[in-house]
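Structures given as structure tokens follow.
Okay, so chain A shows up in both of these, paired with chain B first and chain C after.
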Partner chain A sequence: MPAEPADPVVRARPFNSLLVLGAIGVALLVAGPWVFDTYLLNILIKAFFFAIAAITVDVLWGYTGYLTFGQSAFFGIGAYAAGLVFTHVGFSTFTVLLAIGATVLASAAVAGLVGWLSFYRGASPFFATVISLVLPIVLTQLLLSGGSFTGSSSGLTGYQSFDWSLEAWYWVAGAMLAVAGAIGWVLVRSDAGRVLAAIRDNEVRCTYLGIDTSRVKIALLTAMGVMAGIAGFGYGAFSGVVAPELTGFALGTELIIWVALGGRGTLWGPLAGGVLINVATAYLSSSMPFAWQLILGGAFVVVIVLFPQGLIPLLLKPFGVLQGATRMPQLQERPGSTDGQATDAVAIRLQGVTKHFGSLKVLQGIDFEARAGELVGLIGPNGAGKTTLMRCMSDGAERSGGTVELCGSDIRQLPPEACVRLGLGRKFQNANIFESLTVAECLRIAGTRLERPSLLHQDPVLRLPPYALHVVRATALEGKLATVARDLSHGEQQALELAMVLALEPRVVLLDEPTAGLTKTERTQIGEVLSSLAHRYGLCCLLVEHDLDFVELISTRIVVLHQGAIAMQGSFQEMVNSPLVKTIYSGSTHAMKEGS
Partner chain B sequence: MNAIASPSALVLDGITSGYRASVVLRGLSLDIRKGEAVALLGKNGMGKSTLLKTVMGYLAKKAGAIHLHGENITRLPPHRIARQGVAYASQEQPLFADLSIRDNLRLGLAQESLFEERFAAVEPLFPVFGSRLAQYAGTLSGGEQKMLLLARALMVRPSVILLDEITEGLQPSVIDRLANALLQEREQQGTTLLIVEQNVPFALKVADRYVVLKQGELVDEGLAKADGAVEAVFSHLRV
Partner chain C sequence: MVLLLDLLTTAAMLFVVTAGLMMVFGVMKIVNFAHGALLTLGGYASYVVTRLQMDPWLAWPLAIVVGIAVGMLVEGLIVRPLYKRPLDAILATWGLGIVIGQLIVMGFGREVQFVSAPLSGTWQVAGVDYSAYRLVLVPVAIVLCLALTGLLNGTRFGVRTRAVIMNEDLASSLGIHSGRVRFITFSLGAGLGTLAGAMITPLSSVDPNMGLPWLVSAFMLVMVSGHSMASLLLTCVVFGAAQVLVSTYASPVLGGLTIAVLAAVTLRIRPKGFARG
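Then we have the complex of A and B:
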């Protein structure tokens, strides 16, 4: 198989315009000192450092969905590392290394701590944002109360720093910005970068694909904290002045404004926004000190209302830089690790599982066991507790009492991503996918647990286990790999989610109405896939479904759930013809359908 | 059905619409008479839900016009269209999860005082809600939420009801009950229905007429109760 991507045309166009834009950027960077005057060079150097911080905000907010006001804190940590070390220890090669080391260590430690506080299991995004607001405030207070050590409110000035010319600083700062931009660009376009977008879109789905979202976010915040810290170090070393405002929450808010004005989730936007607004501020704030803030505020409102995408996407659209950056991967069968699994082993066992919401008892004393190779149909009236039961099987924190064993391991209080690692896959009742990602990207992220995504590039091949591939082909998703999931029809989204769950290569599959919204033909095809899952690949499938014809076709056993307890279990005919099921559940429809 | 002779309730005239750059409906025209029930059928991704969203004003029309009881509603925002008497039970289940069942049901009503009377009419169709009016809607099961969605639509006594796969996730006996409820509602209130469904038997049971949508265009239509209607519909769904 040649490594060349399937469709070079898709790839070539944005790549070329990207080269052109990049070349313009490099040319401006190199030529700067001959084109700009000293004042502008001064402003630009500072703006470059701020723009790096803006890029980190964009990666965190625009791409990962974590709205943070706290990146200024890391910028300030870097600036103060330079200021403190150069003031109190002096300036030498050794102290430069010391200051850089302090920047990296302090930013990483603070970011790790803040991440741990912000992203623990069950924390809401709102809570994380509040913590990010508190961080710069606390840090500023610490600096203000630092006496002569931190210089309190006047900060530190007059320390010795690098003896470089303005031109050299301009090139260094520009190169740092280019490197930061390039790192961000490579990261967000890589397969790992798509995981960030997946977390932004749908964190619950991520955890049910076995991705530890807290860890990913903490690692990302640490990396971005260090990056902002190094930018701050550069700023502190260049300007020779550090003040508490550099860590402040006002700067943190400004970073967000630059990102939003430039274009959230584009990297170019924050880069250009950060540089341009800083330059404009430097020129205009002195000539019209009050009006300028008003103009900036007004521009912010106008952009948010009229161009919620930001200004840069608007300007770059004609060049096609921001679109079509993903190419269609080739589908390939992943060599099966699930072939010939031992059947008959107990795959899931529940003992005395109960669940109540306050005084409302939803499940009571559920004892249930299913083996590999079984396809159990779970039926019951609406509100019997079927979905709740599935929730208790897939998240250790859900049940109120009893034990659940997955493939021989007690799930205790384990979170969904740990249950997934034990071999669980769960398809939700309403299609639960990543809306802003393409079909191919959704499927790729589903395989994250099995194939670590690359931080550097997009894999031109998409490997899926045979049964997931079957779903993709049977439902015509194959022809829509490059379609954004939001634009799929409801039924296609259902099929996509099923394929994603199967791409996990689970050993126990929980399916909550997998065929809802699909046509009869598609149902039959999905039915065949599900049968083969159990009978050929030895998976244990639990199926909630109201289409009794469908259940009859594929299930090996039926469990009837009624008012939170297992009312009966046995073969399909026994169940459906029982008076109980007729009364509580099927009414006349099934008989009527069979007759027609 | 006497519906054929009655005036138009909802008229779509050359409607083109879609999402952002992609066009889903292509110059689609459809005339639904007052009191008529039309089943909108077709495979996934053909534009059925898009059509309902377009009627309801959630999607901008790129071309064409929509008239409701002779009045042009093409440019009206969703809340105005709802006030004109169109109820929409969407697939995305936009219930208010943190409000009680009772609050969900009364939200569309112009006056609080109407609640008792309207609920008395709706309750027999959905006996599960009678004793649970104070329960949060978010704690209902998926199927129960579907029922609440339809109950809320019926509470308003709308002149036109748009239903998007209302039977999805419902147990068979409830689907039966819904079909009867909709037939009864039409008979008593003269309600016009536009039903998007994958459950073909249900759709044809409730509807007078079916239309089949393919790639954003109407490719077939017929009387729901005609001989061979089921086969005709399935032949479109299979390909």
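Then we have the complex of A and C:
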């Protein structure tokens, strides 16, 4: 897909149609009591509360990629907080506050615990999903065994609650839904919301940009848990009945179905899906109780397999409502980042680093140090352990023995995001970027560590350190800031990743074959950039490379790695003339010539 | 003594239920959330046998046939298009579980049903009378474990399967039809799932949601145990023991939650589970 033209007229239209849709929604909310009958009002009030929970599922799943069956648990916690407090303590202003406080605290505590169980280094997204399925099951069982306190399987009923008319409830529920939708909308459109999408796209890259993804996800789950809990509180207070089903996995599944059919990752899709399906269920489940569930289940499977984007976006697509407005931020040099720390301090030091997989020794006794301003070329035949060495430098959990110091601090067993905070930047062998985000968004996320992204708005200015700016300007990226990264060419993606790594303002840059698959011109450009990084800005660059001509051109020192050990270090000339290196490569000189 | 037998037979039940999922998820890395519905389907297969007043042993082969047939259908229609989208595969198979559940409700009703066991009465073991059918499950589980281990490690099919898991592109370029390997494994796993459903129903009852509690436990056990059948058997013994002990000395409700909670904590502390620790 070509880049959308940045023509303001083109972008204004979808914004208007969104406004129109929003206006219709608000009008329905205000006029509801005069338009709908009592039965429908009842249904709609409950549907509004459920739709709030659906929005939280969408933020977690559609935007952040955490598929959860467990949001019903938080809804149930809120509902039971209302039911339990109003039944056992009574109803007064004080108890209302008590119940709301209990909802918030309990939801946050449970969400924190579930988050701790689900999100940690190396946890698969699948594992988090299974945990989210365990949560409602555990909670339901606890409620069932709660005896007369929780009302067991029949739940609690007949407690006193707000003495409001149906109309008032409709407006309250509608307002709560509108507020929840607005909160979600502001969040996902903000710069912080882009971080969520980045986590969904590529969690590994996020950690190597210094973002503690586990903490972000736990915080998000806590916020969304509280939101679902408050919706549940509203439901419990309105309906006057709470039952264990409200916490169950069945409701959790229904929430997912509403989001999937409504359109994940759109907010208004799940909102509309939640309300419409609830209303339809209320009318149809009496006339065709089993068939309706069957149709819903079948539709769900079909949508997941064939239309993963959901039904409502599919229906609205022809009207062009969906193209979000992408703003082109202004590029600016980040102040205070040019001080090159003009020292030749040791930037990275390895002592006795070893790595073995079982009995297979991949690295043994690596002693190595590199200073600021150096550009070290790391070469060696395939299987010498070059990439493994880079991994050991950037993730404390990788090596089997020895110490690694980054800018004077021992990295111990620290995860990549902590190594990044110590001053590390790592560029992977294959372009490792955020596929569904634009170039500008990718670059902004790379700066998350240095500039806390706003939860409320999009920054119109994109600040980058001078060398990252240089990469963006030297390559064609400057004109493609609004292009989605997936649509870039291979070389542009490589350049983008390099710019992202540099936006971190690292002291040590690890580059794994930065020129692989690039054209001659692109290679020259990258070479110039790397030289200026080391010589002008005093960064320490470590470069794994097969292209010896390229290495000769830019590196200040060569390290030859062979069978997991450092075979020699020195200048390029020393290396070329070394009999040892000739022996090492003698088996593969032929292959090397072909490769370069 | 009764406690020990409870423990062994519970472990055997867990293994029987989990083995099919192990084939599909543990070995092939295909997420199949319809496994619970397959268990239910197997339960209803044995219910049909009971209703038709046939020999209860017939429930087992019938369940396998139904399971393999359903598995073949599901693999082609739902699982295959979603190989590259694992989270969506969870949802689609889960949705399929809902559809199967609703079809069962429409066909058999919501109520809880009972089936007759192929073996009734008790056997005496070390001076204790114990349900014969439960005891039979222990050798069944061991035989199943040996047979599946043999299949995966000792046959040409097993070698191909492992080749596909390790490096699908390479396997394909060596002439292994990876799609077919997946198809066969999935169908086999589905068949094992329904067989398990038929095996466990005489011990409990049949209802349209009977598979769900097993589903979560089964996934947890497979994740904890890694990828070999033998370690799965060991995991089933350990976690089954924990479940029995908690049910006996604390409360059955807590016992029902033991496996899920314990496995979650185990995986949090040792992310790689038992096998590769």
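Everything below uses one rule, namely that the second predicted complex is superposed on the first by the 557 of 596 C-alpha atoms of A that agree within 3 Å, B and C clash if a C-alpha of one lies under 4 Å from a C-alpha of the other, contacts with A are read in each partner's own complex, and residues count from 1 in each chain.
Simple rule for what comes next: a residue touches a chain if its C-beta (ideal position, glycine included) is under 8 Å from a C-beta of that chain, and two chains touch if they have at least 3 such contacts.
Everything numeric here is computed off the predicted structure, so don't read it as measured data.
**Student:** With the two complexes superposed on chain A, say which partner A:Ser145 touches: chain B (first), chain C (second), both, or neither.
**Tutor:** second
**Student:** Of the two partner chains, chain B (first) and chain C (second), which one does A:Val134 touch, if any: first, second, both, or neither?
**Tutor:** After superposition on chain A, A:Val134 lies in contact with chain C alone.
**Student:** Check the residue A:Gly491 against both partner chains and state whether it touches chain B (first), chain C (second), both, or neither.
**Tutor:** In the superposition, A:Gly491 touches chain B alone.
**Student:** Between chain B and chain C, whom does A:Glu398 touch in the aligned arrangement: first, second, both, or neither?
**Tutor:** Touch partners of A:Glu398: none, neither chain B nor chain C.
**Student:** Contacts for A:Val305 in the overlay, against chain B (first) and chain C (second): which applies, first, second, both or neither?
**Tutor:** Once the two structures are laid over each other on A, A:Val305 reaches chain C alone.
**Student:** Given the touch rule stated above, what does A:Leu294 touch, chain B (first), chain C (second), both, or neither?
**Tutor:** second
**Student:** Have a look at where A:Ala516 lands relative to chain B and chain C in the superposition and call it first, second, both or neither.
**Tutor:** The answer is first: A:Ala516 touches chain B but not chain C.
**Student:** In their shared complex, at which residues does chain A touch chain B?
**Tutor:** Within the complex, chain A contacts chain B at residues 357, 360, 380-388, 429-430, 486-492, 512-513, 516-522, 546, 548, 585-590, 593, 596.
**Student:** If you look only at chain B, which of its residues touch chain A in the complex?
**Tutor:** Residues in contact with chain A: 19, 22, 43-46, 49, 91, 93, 128, 139-144, 146-147, 165, 168-177, 198, 200-201, 234, 237-238.
**Student:** Can you list the residues on chain A that touch chain C in the complex?
**Tutor:** Per the touch definition, chain A meets chain C at residues 65, 67, 116-117, 120-123, 125-127, 129-131, 133-134, 137-138, 141-142, 144-145, 249, 253, 256-257, 260, 290-291, 293-294, 296-298, 300-301, 304-305, 308.
**Student:** Please name which positions on chain C make contact with chain A in the complex.
**Tutor:** Touching chain A from chain C are residues 31, 77-78, 81-82, 85-88, 90-92, 94-96, 98-99, 101-103, 105-106, 212-213, 216, 219-220, 223, 251, 253, 256-257, 260-261, 264-265, 267-268, 271.
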